[in-house]
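The same chain A turns up in both complexes below, where it pairs with chain B and then with chain C.
And now, the complex of A and B:
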């Protein structure tokens, strides 16, 4: 007796969709907890430890925020490209390119502090855009798949940073970890905090600006139309290739600026090495996927993932491998994807509905 | 299984089905007797396709039951329906183009040998074709076949799997007249051999030609079932549409200013072959110029050139005296040229976007909606609301995606949007193709209103009746050339038909 069936929903309520995505992520966490149980660990204790690590002291909350900033910047880059149904998988590379250019300016130029910061920000933004220039042109004018080109450039960026750290910008004074020299000028602190700088404002302002762009500007409308049907967009008189290039360059610029503000705004991150980005691009990608095109959701999701990330770092000291955190990321992403599909279907009681119809 | 009993081979009782709160079928009964062609007649959106999808196991009904040979059956997958002997041939073919006929026949079929050669597959295919009496070269690739042959492969595929009941969804929509006649012969042979056919169409004449019985659906409700014998076109048309008013068009000789002037335009198609040869045409304000011709003779390319979507090799296009040769789409729109595109879904709309966003897709740049960088959402909503009301677009809300709308409502939206764009010129490409009678009439009267308002209209249509009904002048295209231009008074159907067929004049036929 089959009394339940799935019915596809033609219209998708965005709130319902968001709810299902969050539910998917939660289910994934439960699944992760089960894995922990099976491997002989106590998930409740781990959860308690994680929450305590974050909320038990001010440094915990600030630690989460510090990690949220680069994650949000890369997530914004990915989310913007996704509005056009373009997959910028290379935000990690653009992030590193931005940091690379900023370090280059920071250790080689000599100027007053604020000039240095402006120059570094400009260099980082520009470098992020340059890093995606070739994938953007190739995609827009020759239809080359941007997923592959942007992804591959990530590895190039890591090697570029390694080369700088080991070679031409090497910090001669360092012994243990090979890094470039440290930049001297950092972003101003936010008063009343131990370690936070105005770097925090960047992702918040950019998220707000993008929300506004898509709510009430022509450019946002055009991007959404290109995302929906490029041929119809061309029919509407939009120069699609030019827009694709422009948007992709902006996504690269956001990620590049992210690299610069991490370098100049996060304590202890003033030197560049190949480990400068702790998978921020990957985390940002997951955040953008969870948010599903909503910039407000993206900010919330960014802090959540950063919380996981930070507690993961703390938990490493309690005997959990960082790979467990990465595995959890993967499970969450699958959970979100399943939730997104599930939101499109509704479970209907076939018999009762038929009965209801007959009685009316 | 009760073989050869008097009961219907396939029966549906009280079928109801709704999508997103909109009822597509409401308590519909239907029965198919063995050995008959039973036509399912109705406008687009009447529920024909929905009903046939329920019969074929593609949709599950919200209420009601399907009986095969008198016993209730519930299909959860199309393959279960096929196993029960019910096969469906869709309007849009589901063939794999780069594969051969024989390969397509065996695709996804349990009886296909697990290990076999191409030659063995071709031999098996040939055997089925001989058994069934339908021939297509089994080694040909699908893309090499004509549309009619592709349809034959679809029919063969279903029959080879043992279907006794064949459901054909709008099978003639894609066929030429010759192919249609051939299809009807095939269907006759099949029912004479004991199979049964459900034939879905909105073309009255075909239904009268091919069917034994007719069921008329209107807005998801069954109007009646009757024997074809004795049925008349006016009677069926009335049942189908519920309204009998014909559209009235008065033709005029217009001597307004020339709004659209095309001179010596030559252009290529997507395969880089010459598609337009030295085309000279002009349309005056307040005039409809109809382009008659068999599709594929350059009409598509002509429309694209005029919309700024295709480059010309040489020649010029002027709108109200302004040179718009090879101007980008944006400039063309800004000069008040509307365009109802032939490819509505691929080009005319963003299916995943809302009704509201689609309502301004082509003129959101205009001052009414735009200030600086901004898009005035309030103005957009107001415009969309007006468009939906005036254009009688049925939608559950302005936020609904246009993908949810029926084909007729999508085209109503496009027609009214383009009417808002078309201050000077309207290019209407196949504006009523595939629409039901009511929606087609509404689109046509939208064009006539535009004409009466002084807009110049270029109407491109495969449907010669439509061309003759609507046009003040008629131009005939053949192989990329304009081979004749007539005033509506001199536009003689036979003469135009001969030109469309590529003959210079009637004399050359003798």
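And now, the complex of A and C:
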């Protein structure tokens, strides 16, 4: 008799895990398409419209890249914390805090352009780190769940930015959407493009730097060690709480810098208003979840999700609501979670006990 | 009279806080049940949305006359989503955090999508407040506590009392706690870990759905996108603050309602502070519930840290850890 059974694998090959996560996400997308069919929509038409939105127009690809920048920055923040098995779900709040601080500097200070940009970048980075300071300390020293604290701060950041836009930094001249005054200094353009600025370099450089840190530095090794087994790491002499705080602050700083470069590098986003962050942190989270701990996979995934996000925005003008994208995100994430689990198991052919005894 | 000494402003604050917290109370009690058997469901935000939108659909599209039935529809819808979650995390043993976040995001998307054409449609079949009549009307203090709809009494008194009895006075409750603390020994003692976890995940999800339904059937009372506005996350925090004990969880949720009610009162009465005008004050106060919740979840950990003798405030030992018999 031949029968099959699932066997749990002790060590997980990262490539196999990545394959299963992506496969899970794809299966989930197919499932999502089926749901669309059942509810009377044509997924092929939607896919065609989505591809047309990206590749059918001159500005489509640049639109995707523009969305990919904030998504990648928040994804990097989440991915770095995930290396330590810490869930920074508040990257959206840190992103907004960074943009908030950068706007504050940008409209209240007067200096030459490059000084302004440096000051804004510093303010944004610092604000992102400050925004995660309390959750980081509470997690590292008191063991307080960082998921809930970082997430609740998202709501605070949204309110703070609304307050700035409608209250203390309000631009009295704005008429369409109430917003803060606009900053005057923007990041330099990339030659040969219509709308892209050097903001694009930030996520790519940071992803490369993190890849290098985890490949060849002691700090990266220690972080992975804490992620694998914090008790063993502490036993090996690593100051775990201090490392946790440091890494969480860096993740906040990356997201905060993301807010600043979006503000100073994305056309039309030079002021804070209710639509400043289209929940980029959420998309970034999906990207980080699909990529697992891989920073290079994250860059690829970031552009894919940005494509989905951008086509969702365009489809909105063609009579499809953006909420469907959110629902699809949820389905994709479940697919990733199941895929991640499935990668740990392998279907093996279990010979019957008699046969096993005979063969030895 | 002692009652007369209590300031009327405070009483009116409490009067608003009670219904404002009911959503969080219901949701948090559901979270508590599921976490007691070791299942962490971060998808509360999505479950509230699903419960709310289906209650709206029942009350408007289907023309259901009774708010009880509409709420039941919302509960069943949320329980269905909770069942999918439970199968994925308990049977497939997928990561509870990731799957829970998926439910939160997907649930918000799904409910907003279903609600697209129903924004702002007023709902007419609401839970009516119970008027106890007689001497209750003559007294501001009694009036504060005794003029509410039936769901308030169920959420604040009936359910926590029932759950307290279940958890601390029955054998079944002992088994539940064992499943949450140490599933392997519960399994060895003959408790069916899988079904306990699935069952209470689904029950918890249906309570989140009831919370969402209550919002649209009494509190708002209409559909609006992103209806939960963080209440699901606050419920998750309140359970930590309440140390997984029913009445403490309710007290924590009431704290949230008090903050909401503070904001509403300030707006209604046009409070003027030296540094903050009315508009700035309302922005400031809208951040307070979230900030207070963050402080609240630091309190148990901080109290434990600074050597205060407190009864166990830690999470169930097996929380968010998948259980499989072969790997114990």
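Note that in this section the second predicted complex is superposed on the first by the 343 of 360 C-alpha atoms of A that agree within 3 Å, B and C clash if a C-alpha of one lies under 4 Å from a C-alpha of the other, contacts with A are read in each partner's own complex, and residues count from 1 in each chain.
We adopt the following convention: contacts are C-beta pairs under 8 Å (C-beta built on N, C-alpha and C of every residue); 3 or more make two chains touch, one makes a residue touch a chain.
What you are looking at is a predicted structure, and each value in this text was computed from that prediction instead of being measured.
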So in the superposed three-chain picture, is A:114 touching just chain B, just chain C, both, or none of them (first/second/both/neither)?
neither
Could you say whether A:48 touches chain B, chain C, both of them, or neither, answering first, second, both or neither?
neither
More chain A residues in contact [chain B versus chain C]:
C
Kindly classify A:163 by the partners it touches after superposition: chain B alone (first), chain C alone (second), both, or neither?
second
In the superposed arrangement, which partner chain does A:336 touch: chain B (first), chain C (second), both, or neither?
second
Once chain A of both complexes is superposed, is A:219 in touch with chain B (first), chain C (second), both, or neither?
first
Which superposed partner A:152 touches (first chain B, second chain C, both, neither)
second
Classify the contacts of A:282 with the two partner chains as first (chain B alone), second (chain C alone), both, or neither.
second
Check the residue A:326 against both partner chains and state whether it touches chain B (first), chain C (second), both, or neither.
second
Residues of chain A that touch chain C when the two form their complex:
8, 87, 89, 134, 138, 141-145, 147-149, 151-153, 155-156, 159-160, 162-163, 166-168, 282, 285, 289, 321, 323-334, 336-338, 340-342
Show me the residue ranges of chain A that touch chain B in the complex, using the header's touch definition.
5, 9-11, 215-221, 224-225, 228-229, 231-239, 350, 353-354, 357-358
Okay, in this complex, where on chain B does chain A touch?
16, 19-20, 60, 62-63, 307-309, 328-334, 339, 341, 346-353, 357, 361-362, 364-365, 370, 373-375, 377, 396, 400-401, 403-404
Along chain C, where are the residues that touch chain A in the complex?
42, 46, 88, 92-95, 97-99, 101-110, 112-113, 116, 225, 229-230, 233-234, 236-237, 240, 279-280, 283-284, 286-287, 290-291, 293-294, 297-298, 301-302, 304-305, 326-327
